[in-house]
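Consider the two complexes below, in which chain A is the common component and chain B and chain C are the respective partners.
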Partner chain A sequence: MKILEVNNLRMYFSTKKGDVKAVEGVSLEIGKGESVGLVGESGCGKTSIGISILKLLPDNGRILEGEILFKGDDLVPKPEDEMRSVRWNGISMIFQAAMNALNPVYKVGDQIVEAIMLHEEVSKEEAYERVAQLYELVGMSPERAENYPHEYSGGMKQRAIIAMALACDPDMIIADEPTTALDVIVQDSIIKEIKKIQAKLDMTMLYISHDISVIAETCERIAVMYAGNVVEYSDSVTLFASPLHPYTNGLLSSFPSIKGPLKKLNPIPGEPPNLLNPPTGCRFHTRCPFAQRLCKEQVPEFREFQERHYAACHFAGELSLR
Partner chain B sequence: MPLLDVQDLTKLFALKGGLFQKQTNYVHAVEDVSFQIEKGESFGLAGESGCGKTTCGKLLVRLIDPTEGHIYFKGEDIAYLKGSALKEFRKNVQMIFQDPYESLNPRFSIMDTIAEPLIIQDIGTPEEREELVANALKTVDLNPPEDFIFRFPHELSGGQRQRIAVARALVINPEFIVADEPMSMLDVSIRAGVMNLLLELKERFNLTLVFVTHDLAVARYMCNRVAIMYVGKMVELAETEELIGNPYHPYTKALLSAVPVPDPKEKRERIELRGRVPTPINPAPGCRFAPRCEYAKDICAQQDPVLTEVESGHWIACFQRG
Partner chain C sequence: MSMQKYIVKRIFQIFLTLIIIMTIMFILFRMMPGDPTAFMLDTRMTPEHKAIIRAQFGLDKPIWYQYLFYLRNFFRGNFGRSFYYARPVYDLVKEKLPATILLWTGAYIISYSLGITLGKIIAWRRGGKLEFGSTLFGLFFYCMPIFWVGLIALWIFSYKFGFFPLGGLKGPDVWSDPSSGMLLKAYDVLKHVTLPLSVLTLAFFAGSMLVMRTSMLETLREDYIMTARAKGLPEKTIRDRHAARNAMLPVVTTFAIAVAGSVGGGVLTETTFSYPGLGKMIVDATLTFDYPLAQASFLFIALLVLVANLVADILYAYLDPRIVY
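Moving on, here comes the complex of A and B:
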């Protein structure tokens, strides 16, 4: 069953220099209980999709087109007061560097209780009881809820943020770079915790990251973004073994690995485009080693090639990649 | 004779106490570190944040003064050089910093930035300098140089800025370069290009490179030998493939097991560590890793293990070797 379906989403930011075309014609479906990774370089629109789903856009951001169906219900036309009940209860979000956004003068537990009581009709005692359960769930001792943020290490803050995201028992979590600022050993333990919780609660996850190795470890399915487009979407194993889009291929060949034979890295030439004036046709054609005239002229359709393996490339399947 | 011979290098940072605090506390950033680097090597200093890897790198180029110990550069102790002798030494060494958004002066044109070391070292006439700067730009693949020479950092992308930083380091033709996480701020597709460039330049100019990094996958790609640091101490040092394939030290093993692998089929075996990284302020005697080590015995808490060669070229600081 699909829990989230994004259809042809277009989201722009207006700036003095013109519109930044941050999300252009993105379609994505996520099944219940699936963990989906959204991977791409900075500025490719990963976070923009996340905040579009929850409609937490800044004043200059607007959705021009498309549907965001959450459990069959379109979120795009929903007014703000209805969105408020979708956030936290339906979908909650772990923001990038959210651990630095804990209020330093309140006890961490109180901050989670505040979130629970704002969204649900529960007594204070019940809310505190739930915080204790949440702390157990994320692998922390419940007494730590009585501490202030400065008494926590980075990893513990991130665990508290995950507990907070789970506070109202959401159907889905969007996690935006939840381990990016952490050291590798701490990152590893948080990834393990997230996977454990995901399996235990059958949680649907959208995991946003620039790091394809973290995504490979956490997610069953991967969507690759480039310059505002989702260019490929499939299960992780297929994506790594037989990518269809040249950008996916380039991304995979520019990542060093600690395992396996030492391979020479093949960087993608050039730089990501400016989304004020993105290239015509396929946005990747300026850097693509296989680009033809067609690529410059026509936007490739996001097509299903095999079952649930989508790609947006005119020549997908005909190229020799990997 | 090794190009660089480091003996018992120590750097303590004094923490300013209150007015009436009698005892001054010290951050033991680097403590009793000894190693040698041969000419033409690419040597990795790796570890988690706060382990002293950057301090160690800065000591090697004498950006900071050591508290104790010796650094022999081509046989001459440069650890306590001052004034003109230090300036003379710096003709041979350069540093590349982590963040190209902060390491370039925004008010300096690219010409001013790259020519600055030449001016400081009083090399060439203004015309010759312009020639040297143009050549340096060509070396880092910023072609044609005329397009860049009169621009300012804000006009360039992150990858281009880091190439400028590399050009600035190369322009006085140094023998020895310390690069402090030069990729970590760059995007994946750009990062691979800068990595390949550095490797290529190292070969071309027979440079000796010290590479400070937290990312072991990057260290594997860039370095022929890697040293692992933990809270100011060097715990293991070996050829890169040997270190990754055959680690001895329990900390190295745990660190390696936490590195995510860009392959969804790979099932890593995790080694979980209890506790967290201790503070480097007035650390307890004994092995710094002992409180978290599952093999720790009484001796580990009492004596400092010394970095010893257990196999040809493989050094470890642990009482339970093997």
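Moving on, here comes the complex of A and C:
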């Protein structure tokens, strides 16, 4: 069963210089209990997809076309008040803690209780009881719910935010760079926590990160994004073993492997394009070592090559990658 | 509690500040040209007579003696006798202080509530007609000389239409009539205080409104606002509970600074409306070289400012849990 299905989503930001084409024809499906990683360079539109799903766009952002089916129900035409009941109750979000995702003037426990009381008919005592359980679930002492955010360390804030995301027992969680600002040791413990909870609650997750190694550790399936497009989508094992898109290949060769033999890294030459004025055809053609004339002229279709292995490349399967 | 300790420490600081202010005032008044005796003494008096009067007020003593005497008396609550009114200064201040507290704190409470509420709303609905209108309106009164606005208000509302009395705080017909009840007296005071209070509020509110607006716009970009939206909270809760609460902090800070700066506005308003408060008394006392009275009024106004600062600090600690004293 599919929890989320995004079809041909197009989302632009209007700026003084013109439209920033942040998300262009993105399709994605997530089954129940699956964890999907969304990986790509900074500014490629990962977060834009995340906030489009919850329709938390800033004033200058708009969805031009496409569908976002959440349990079969299209969210795109839904008005604000109906979206409010989907938020947190249906789909919740784990934010980056270092970025002040918690309000500094309220006790952390109260901020979680606020979300519970908003979506469920429970008494204050029951809500606080739930907070205590959630704190134990994320490996924190329940008394800490009485503290203010500034009394927490970075890792504790992140745990509290995870607890908050789980508060209303959502059908799906979007985790937007949840470990990016943490040091590697704390990052590791948070990732372990997320994996543990994911397995325990059979959580459906969309995990957004620029770090493919974090994604590989947490997700069963990986979607690779480049300049507003999802260029490849498959299960993690296949993606690492036999990528179909040259960008995925480039991304994999820019990361060192700890276990394998020592190789010289092969970074992708050039820079990601400006989304105000993206390249014609395949947006990757300006940096692609295999680019032909066709790539410049025609937008490649996002096709299914093997079962649930999609790629958007004219020459997918014909190139010798990896 | 550390908060109690902080308050005790601050009260001690206020005390020290007062001594410094008193010293400066003492020097300032003695440096002023003119002689207080010139006002109260008849030119036909003999020099011997003058000397007796001067001796009565201690003006014949050396300056350091006068200074120490002055400090000692202040701390005993003895502010001396007014040269001009020939009454104890303490009684005069006691009479005028409530009127000033009513007008000034009233103006602060109304203008800050108004400024914070409007600032919050215009930041939330950025670029609307309300933003344009209230900014223009607020800045107009912010920039206009307060006595000019006061005179125009008097001319229109008191003289032309007769809605409000021309000045004062208590109507003699109401207050001298023993049959007037509390309610009637309160209504009379309200009628007298409305115009000066409105003028002072109009002059003050734009400052807090603009600070609140800017602070609110900054707060709305914070990530916890995104969290609040993602939680599915209604707009009003996000605006009031999550954004405005945080945006208010800089407004409290500017309040502490603004109080000191707005004393002039209060003095001018009281003078314009012949309002029987400390502000008007300061002006009168200075013009008549009434040293004891002017010194005491200045001191009490300084005390009001210092107390307002203390209130702002305590409020800040209450609003922001990150502040620990």
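Methods note: the second predicted complex is superposed on the first by the 319 of 322 C-alpha atoms of A that agree within 3 Å, B and C clash if a C-alpha of one lies under 4 Å from a C-alpha of the other, contacts with A are read in each partner's own complex, and residues count from 1 in each chain.
Here is the rule we use: a contact is a pair of C-beta atoms (placed from the backbone, for glycine too) under 8 Å apart; a residue touches a chain by one contact, two chains touch by 3 or more.
Owing to the predicted nature of the structure, the values given are computational and were not obtained by experimental measurement.
> Overlaying on chain A: chain B and chain C, fit or clash?
fit
> What is the contact status of A:G155 with respect to chain B (first) and chain C (second): first, second, both, or neither?
Only chain B; A:G155 stays clear of chain C.
> Roughly how many degrees, to the nearest 10, is the angle at chain A when you join its Cα centre to the Cα centres of chain B and chain C?
80
> Could you tell me if A:S48 is touching chain B, chain C, both of them or neither one (first, second, both, neither)?
Touch partners of A:S48: none, neither chain B nor chain C.
> For A:K259, select first, second, both or neither according to whether it touches chain B, chain C, the two together, or no partner.
In the superposition, A:K259 contacts chain B only.
> Counting only touches as set out at the top, which of chain B and chain C does A:T248 meet: first, second, both, neither?
Neither: A:T248 stays clear of chain B and chain C.
> Does the superposition put A:A216 against chain B (first), chain C (second), both, or neither?
Once the two structures are laid over each other on A, A:A216 reaches chain B alone.
> Report, in whole Å, the shortest distance between any C-alpha atom of chain B and any C-alpha atom of chain C after the two complexes are superposed.
12
> Of all residues in chain A, which touch chain C in the complex?
54, 56, 83-89, 92-93, 95-96, 99-105, 114-115, 118-119, 148, 150, 164
> Which of the residues in chain A end up touching chain B in this complex?
41-42, 153, 155, 183-189, 191-192, 210-214, 216-217, 236-237, 239-240, 250-260, 262, 264-269, 271-272
> Under the definition above, what is the set of chain C residues touching chain A in their complex?
Residues of chain C touching chain A: 222-224, 226-234, 242, 245-246, 319-322.
> Give the list of chain B residues in touch with chain A in this complex.
Where chain B meets chain A, its residues are 48-49, 157, 159-160, 187-193, 195-196, 214-218, 220-221, 241, 244, 254-266, 268, 270, 272-273, 276-277.
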